[in-house]
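Same chain, two partners: chain A is paired with chain B first, then with chain C.
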Partner chain A sequence: MAEGRKAGRALPIAVGAGTIVAVMLGLEGLLRVGLINRFIVPPPSEVLLSFGRIIDEEDVLARTWETAFEVLVSGFFTILIGVPIGAALYRWRTLRAAIEDWVAAAAAAPLVLAFPLFLVMFGRSATTVIVMSAITGLAPMILKTTEGFAGTRQVLINVGKSLKMSDRQMFWKILLPSALPLIFTGVRLSWTFVLISVVGIEFLINLGGLGQLINDLAERYDLPGTYAAIGFVVMVSVIFFVALERLESWLQPAR
Partner chain B sequence: MAATGKIGDRPLTATTSWGAKGRVSIRATHAIRIGFVVAAATIWESVSRSGLLLHDVVPSLLAIFAAIGRLLINPAFYANLEVTAWEVAASLAIGGAAGVVVGIALGANRFLSRAYEPYVYYLAPTPRIIFFPVMIMWFGVGVASKIALGALSCFFTVALSTAAGMRGIDPVLIRVGRSFRATTWQMALKIYLPAMRAPVLNGVRLGFGTAVITALLAETRLSNHGLGSMVMQIYSHFDIPSLYGLLIVVFVLAGLGNVLLGKVTGDRG
Partner chain C sequence: MPEVRNALAPAAVAQARPQLQIDKVFKRFGEGEGAVVAVDHVSFDVHPGEFVAVIGPSGCGKSTLFNIIGGLLDDYNGNVLVEGDRVAGPHPAIGMVFQEESTFPWRNVLDNVAFPLELMGLPKAIRTEQARHFIELVGLAGFEKRMPSELSGGMKQRVSIARTLVSKPHILLMDEPFAALDEQTRLLLGDKITQIQQELQQTTLLITHNLTEAVQLSDRIVVMTYRPGRVKRIVNIDLPRPRTSDVVSSDAFGHYVAEIWADLREEATRGMADTEQRTRGARGHG
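Then we have the complex of A and B:
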């Protein structure tokens, strides 16, 4: 029974992976017979071979570390700034009513378009990437933290009050543990925003890690290398996203 | 700072004010908002006049407002706005339509969902701007590459939202349709589409945001037209008050677009 269920799950996964392989093989065939211009789309076989080349020649591991460092620093700042602001918005409800909509609007604003301003302020440096990415990731962190605190069950707050807990005790013993699941959801959302922003800004200002790699290869018109680099960045993004999801579910097993 | 609470019927008093209940004063809310704006403006103007930072980096608010005024009477602004609006609208139409079709297929069929939805789900949060070099090779340096990139950006959001909406349809509604022997078209028009309206519109709203950002960023990278290109032109002249002015106007326009779509979602959802 369990084996049948396993097989039932494996079939669609195999079909999904098989479709991708089939598309790649089809593309390879069309390129070889000349139906698609190989100066626009490189053969998938060349792209696959380029992975090894860009890892060797373009110092991909150092670039990945550079991007990872910027993501970690920006992400750390989103937590450091976002969680206290989120807690303050829960603590002072009038403040929340006044500015929560502004925070939500900031989350949807095309802030990354302001990169020329940040270049003027911080120069063409990693600081620009980190500051802009931290700002980009701040709104979801604040909103989810506030939502987490606001979702604390009233009965828990009443227990704290009945025990005559102080503000500090109430925060550390009741509110924070209760809000943690949604705070971690905020971390996942915020860090995803941060990764997108870091790679995007690196690409736009041609500086630093993986974003710059794609830019460099595209400007050299190294088509297989460009496609391989894009594939590598997509792969890193997916691994990062999956890792955040796993971390989130590991930290909140009850949900 | 004492607050009251209840366990069962027993009223409590405590030394904490966390979790306090009661109505929020609208007057106090407005006062805080005005206070924030006034404080921000005062700090900005003080820093600008103090010379603590380069005057070019923090220009006077008067200079920024004057730049906004000049921008709004500049015909080039409206020409660029038209190009960006066209790119965003086309992106939303193409990416949104493709997203709805794929979302319906994924939401309606469990096998297709298991086979292909993980790819859509995990590709959705990747940085789309990195596909711009590919789009340039495929569609050229003109408007088409920006539209293609914008469409790619909003496709994922709309597809995932539509698939979730499709799965969230109340099974009772579907059974009612079948018990009336509704045809496939009748099921689609009378049951599925009305039930999915809210998630689809929400997806379109989110897709709008990503399409705007992607189209503007693509314009900053390689274009002679559009608001993104205008940002880079102003930056190359180091006209910082105009840069602030244009960014403020773009943020306001993007916000208005979002609010407008939000109203549609809210009213009909």
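Then we have the complex of A and C:
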């Protein structure tokens, strides 16, 4: 039975990995027969071989740490600022009615285009990357937090009232735990935005971690290296989000 | 055939001072033409150790009455007195069990039940000991570490009941606690409630629309009219105690059910006709 369940979990992973290998092999074949221009798309085999080279020569691990640091700092700022604002929007309905639509609109706005303004304010530094990325990740954090608090079942609030709980107890012992699953959804969404923003801004202002590496390699017209660096970013983000998911299920046992 | 009396309590109960007094309680929602009188001068008493059920059709103001007695609705006319204190907000002597499933999904059974003790600031060892006692009382020993998502509907409702009982309320107030459960589970949980009520001599007020549940559990039944909710009559249930769900197969039980249903049918029919008329009116306007 347990073996059957194990096989049930392994099969989708095997199919997923098999699909990627099949696409890569197909692409390799099309490039080798000349149906796709190898000056636009490098052969996957060359990209694969470039991984070792960029790790050795381009200091990828240090750059990964730099990007990860910026993501973590920006991400923590989105929580630090977004959760209290989300709670305030839940607490004061007029405030929510007044600004919730603006916050939602901000989530869709391409803030990255405002990078010259931030460069003027903070200079060409990690601060610019962090501030811009934190702002980019703020909207989903605020919206999901408000949604989480507002979604607290009335009967749980009534239980709290029947036990004569103070507002403070109600917040910490009922509202916040009830809102946590959606706050975590907010964290996942917000940190996705942050990661994209950090790499994008590093690329745009040619500064820092993995984003700058992609920019450098592209400008050197090192296509296999560029694609290997992009692949590296994808790998880092996959590991990052799997870790977030694990953290979430560890912090919140079966609900 | 058993005698069905109006507002006659057994002598011992009648002599005791009421623990809960509902005195001419009146509640209206809205103003002007759209105003709805939910509860209209409702009066009855509940004595210490007594099990009283309030029964009526949907729309008779049962839940409004539950919220007023529980202190969740404090804007009402008349008086609800708990041991002489007028209820204006949740009263510490009243413990409430709600119709909807109300366990905290982020706490296991033990932590759910110990929750009121945690609010009181009791040390963990005492909290755990007392919570375990009530978990055992509701028949959930061995499930202390389970999360609510791992329990059935009936088990979750028992957790809620244990959580309410752990703070030792003088009056247990329940709003259709078994409404979402199937009939068999409902009968078995009725046995559990009867057993607990007898063991703790717990004064209990049950709000319900389920006739068999009311007769199975109660010493007295307050029958309400359809909107506005008034007391139509109060019926004493003289079935032997200790009582189990076997009582439902007795002749006496059947007679009580038939008597009360005769009253309820009239009210339920009125309620149904009113709902149909309002639905037609709404469609006409639409």
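Quick note on the criterion: the second predicted complex is superposed on the first by the 206 of 255 C-alpha atoms of A that agree within 3 Å, B and C clash if a C-alpha of one lies under 4 Å from a C-alpha of the other, contacts with A are read in each partner's own complex, and residues count from 1 in each chain.
Methods note: a contact is a pair of C-beta atoms (placed from the backbone, for glycine too) under 8 Å apart; a residue touches a chain by one contact, two chains touch by 3 or more.
All values derive from a computational prediction rather than experimental measurement.
Taking chain B and chain C in turn and counting the residues of chain A each one touches, the greater count comes from B. Using the contact criterion defined above for the overlaid structures, shared-chain residue A:Leu180 touches chain C, although it does not reach chain B.
When the two complexes are overlaid on their common chain A, residue A:Ser74 makes contact with neither chain B nor chain C.
Applying the stated contact rule after C-alpha superposition, one finds that A:Lys161 touches each of chain B and chain C. Contacts of A:Leu195 after superposition on the shared chain: chain B is touched, whereas chain C is not.
By the touch criterion defined above, A:Arg91 reaches chain B but does not reach chain C. Where the contact sets of chain A with chain B and with chain C meet, they give residues 155, 158-159, 161-162, 164-165, 169.
Chain contact summary for the complex, chain B toward chain A: residues 1, 3, 5-7, 12-20, 24-25, 28-30, 32-33, 36, 56-57, 111-116, 118-119, 122-123, 125-127, 129-134, 136-138, 209, 212-213, 216-217, 220-221, 228, 231-232, 235, 238, 240, 243-244, 247, 250-251, 254-255, 258. Across the interface of their complex, chain B is touched by residues 9, 11-13, 15-16, 19-20, 40-41, 90-91, 93-95, 97-99, 105, 108-110, 112-117, 119-121, 152, 154-155, 157-162, 164-167, 169-171, 175, 192, 195-197, 199-200, 203-204, 211, 214-215, 218, 223, 226-227, 230, 233-234, 237-238, 241-242 of chain A. Against chain A, the residues of chain C that register as touching in their complex are 70-72, 89-90, 92, 94-96, 98, 100-102, 104-106, 115-116, 119, 147-150, 167. Looking at the complex, you find that chain A touches chain C at residues 153, 155-156, 158-159, 161-165, 169, 173-174, 177-178, 180, 252-255.
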